[in-house]
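Right, I'll just put the structure down here and ask away after.
Note that the chains are named A, B and C in the order they appear, and that numbering of residues resets to 1 at the start of each chain.
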C-alpha cells in the first residue's frame, strides 16, 4: 500500500515537475548562460566566457533606456493608483448588487483584445483624430495637440491597458476593510483624514503593493504600446530586448538585459513580501 | 454528467489537435516584407495551385536575418532579402543555390538587374523589385524649398517628419548629408553623423517602416524620408505631395527571391517565384505597391497611373545615382550603438 | 452630503468612460461607410460581410481560439492535480517547486518570451501552433495552481482523510471528494488562463511560427500596415459575445442567490 501510494504520488507530480524543469528552469538557465557568452557580429553566439555584456549595460546609452523605462512604468503606476484607489473606495460604498455590476464593467474591456483597444486610442489621439477634431470644432484649440507619438501617448496606453490590474487587487483590499472598525474609529473622534491615513491606508497597503507590482512590471516590457503609441522614438527595456533578439541579433546582450530585469523583479517581489504581501494574491484576481 | 462533458471535451480537443498539427505537405512558408504582395495575388496563387501559403512579415533586412537564424532550419521556404543581405546570407550559408531551369518566366526579368555584384551569377537570388529612398513633402503644409537632407533640419519642421525605422538607411542618410560615403565606418565620421541625427531628432515624429504613407496621408506629418512606393501611394491619395530626390544621394535597394537552406517545400517556392515573375501578376503587384519594376515583359502593360507617378516609376538614370547598402562586417556594432543613442 | 455623493458617482462614471471610450469608438466605426477611420460618413453593415471574406483574419481567430482552448485545458488539468498534490504530499524539493511556480507570474512577459524562444532554438524545435500552445501553458499554469490552492487552503483537511479511512482509493477520493470541493477555484483559474491566452501579445510574438498567427499578432501587424474596418466589426462581435456571457452568468448568480435566500 505504502509503495503504491509513493508511486502514485510521483505519477501525479510528474507533469508539474516536468513543466517546471522544461518551461521555467531550463529556459531561464539558458538565458543566464548565454548572457555570459560573446556574440559574433552577425547573429552567432560564441561560447567564450565574458562579462562584456553586463559592462555594456553600464554604458550611458543603455542606462538611459533603463531610466526611461522605469520612469514611464513609475508614472503609469502612480496614475493607476490615483485612479484605482478612489474608484475602489467609492464603489465599495455601494450596495452589493451595484458593486458586482461595476466590477463587471471594469472586467469587460479587459476581456476584449488589448491591441484593438490600443488602436481605438490611435483613432482618438492622432493629430487629426477624434479628440483634436472635437476640440478644434469647439474652438478650444487652434493647433492640434500632440497627444501621441510621444511619451504622453505611451503613458495613456499603458495606464489604459494596465488599470484593471490595479483596480482588482485594490478593490478587494478596500472591500475587505472592516466597516465596524472604521465606525469605531470615527466614534472615537478620529477625523476623516486621520481615519484615512491611520486606518484605511495601512489596511489596504498589501493590495496597493500587489496592484503596483502587477502594473509596474508589465509596463517595463510592453513593447507594443511604445511601438504603436510612441512612434518608435522612445526606447523602453521591452523594445531594447526585442531589438536585441529580433533585429540587432545580439542575443547575449539581450539575455544580459533580461537577467538584470529578472533581478530587479525579484527585488521588487521581496519588497512586496516584506510589506506583508502574500505571493498567492499576485496570481489571483 | 459533468465528467461526461469533460471527457467529450478532451476527446474533441485531441481530435482537433490531430487535424491542426497534421503536417500539411502542400504549403509554402513565406517570410516577406510587410506591405509588399497584395493578399489577392496570394489567394489567386493558392486557388491556381492548391498550395496553402503561410505568410509572415518583417520590417528590415536585419529582422529577416534574425528570424531565419533563430527559427529551426527549414522553417521558411522563401524569403525576400535585399542586395547586401543576400551577400551576407551566402557567406553565412543560410540560403541555397537555385535551380534556374525550374523558372520558365526567368526571361521576363530585365537583364540590367541580373548578375549584380552581390550575386554575380544569380546562383542564389532572383531580383523581384527595386526601390529607392526619397523625400516626400506635403505642399499643403510646407511651402519652402526642400532639396536636400540638410533642409530637413529647419526649426519649423518640428515634430513633422516620418522616418524609416531602419538603422542602415537612417545613419546612411546622415552620412550622405555630411558629404560622406553612405557606408562609412570611420568612428569620427560616425560621431559626426550621430550629432547630425541628434540635431534632426526634434523634427522626427515617428520612425516607421511598415506604413509611413499613413503619416503623410492623414497629415500627421508634412515630410517623410521613405521608400519610393510608399511615397507613390501617398501621392495617389494626395496629389499635393511632392517627391524629392535628395541632392546628396540616396539609398537604393534591390529585393530578391531567395530560398533558405534546407527549406522543406522547395518545389512550391519555385512555383511561387515563377508565378510572381509572370508579367500579368507583376503588374497586379506593382499596381498595389508601386516600387520600381525590374520585369521587362511587364513594362508594356504597366498602368498609366504608375508611369505618370514619379515616385513610383523612378527613372533609370536617377536610380543609378543611388548607392547600395554594403556589408561592413564587424563595424556593424558601431551602427548598433549609434542607433540606440539617437532613438 | 448630496453634492459629495454626486462627485463620487461622477468619478466612477469618468473612470468607466475612460475604460469604454476606445471601445465605443471602434464599435461606432465598424458601422462607418468610409474605409478610413477618420470621419463618420454614414451607416453601413458591409464590414460585417467583408469580415466573412477575410480569410487570414478568420484563420487568426481560429488559431487564437484553438491555442486558448487547448492551453487552458492542459493547464487546468495539470494545474488542478498539481495544486492538490503539492498541498497533500511532503517531498524533497517541494518548497523549491512552489517558489518556481511564481516565476512566470512575476517576471516580465518579454523575458519569458525570449527565454522560451531561445530554448526552442536550442532544441531545434520548429516554431508553430505547438510551440505557441506550450508557451501559453507556460504562463497560464501557475495562475491555475494559485487559484485552486486558494480554495484548497479554505477546505477542511480531514475531508480526504475521512474518505480514505472509509476505504476509497486515492483516485476515487480525488474525483468524488476533492475535485467537487475545489471546483470554484478550478473554474476561476481556467477562466483566467483562457483570458490571458486570448489576449497574449508579448509571448506569442516571440514563439509563433509561420502559419500560426494569432488574432493579437494579426491585429498588431494590421495596425502597423493599415487596418480595415472589418477588424472593428470583428472586435464588436467579440465584445457582444463577452457581454452576453457575462450578463447571463450574473443573472444566473443573482437568481441563485435569490433562491438561496428564499430557502432561508
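Operating definition for what follows: a contact is a pair of C-beta atoms (placed from the backbone, for glycine too) under 8 Å apart; a residue touches a chain by one contact, two chains touch by 3 or more.
Quick caveat, the model's predicted, so the values are computed rather than measured.
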Selected pair, greater C-beta contact count between A-C and A-B: A-C
Chain whose mean Cα position lies farthest from subunit C: B
Centroid distance [mean C-alpha coordinates] between subunit B and subunit A, Å: 34
Chain centre separation in whole Å, for subunit C relative to subunit A (CA means): 17
In subunit A, residues with contacts to at least two other chains: 128, 245-246
Multi-partner residues of subunit B (at least 2 other chains): 70, 208, 218
Interface hub residues of subunit C, defined as touching at least two other chains: 38, 117, 224
Residue ranges of subunit B touching subunit C (in the complex, touch as defined): 3, 9-10, 13, 16-17, 20-21, 27, 29-31, 34-35, 39, 43, 52, 54-57, 59, 70-76, 208, 210-211, 214, 218
In the complex, subunit C residues that touch subunit B: 36, 38, 55-56, 66, 69-70, 73, 117, 120-121, 124-127, 129-130, 175, 209-211, 213, 221, 224-226
In the complex with subunit A, residue positions of subunit C that touch it: 8-9, 11-12, 15-16, 18-23, 25-26, 29, 37-38, 78, 81-82, 85-86, 89, 91, 97, 100-112, 114-119, 122, 134-135, 137-138, 141-143, 145-147, 149-150, 170, 188, 192, 195, 198-199, 201-202, 205-206, 215-216, 219-220, 223-224, 227, 231-232, 235, 238-239, 242-243, 246, 250, 253-254
Touching residues (chain side subunit B, partner subunit A) in the complex: 60, 62-63, 65-67, 69-70, 88, 92, 159, 165, 204-208, 218-220, 329-330, 332-333, 336-337, 340-341, 343
Sites on subunit A touched by subunit B in the complex: 41-43, 59, 61-62, 65, 126-128, 146, 149, 231-235, 240, 245-250
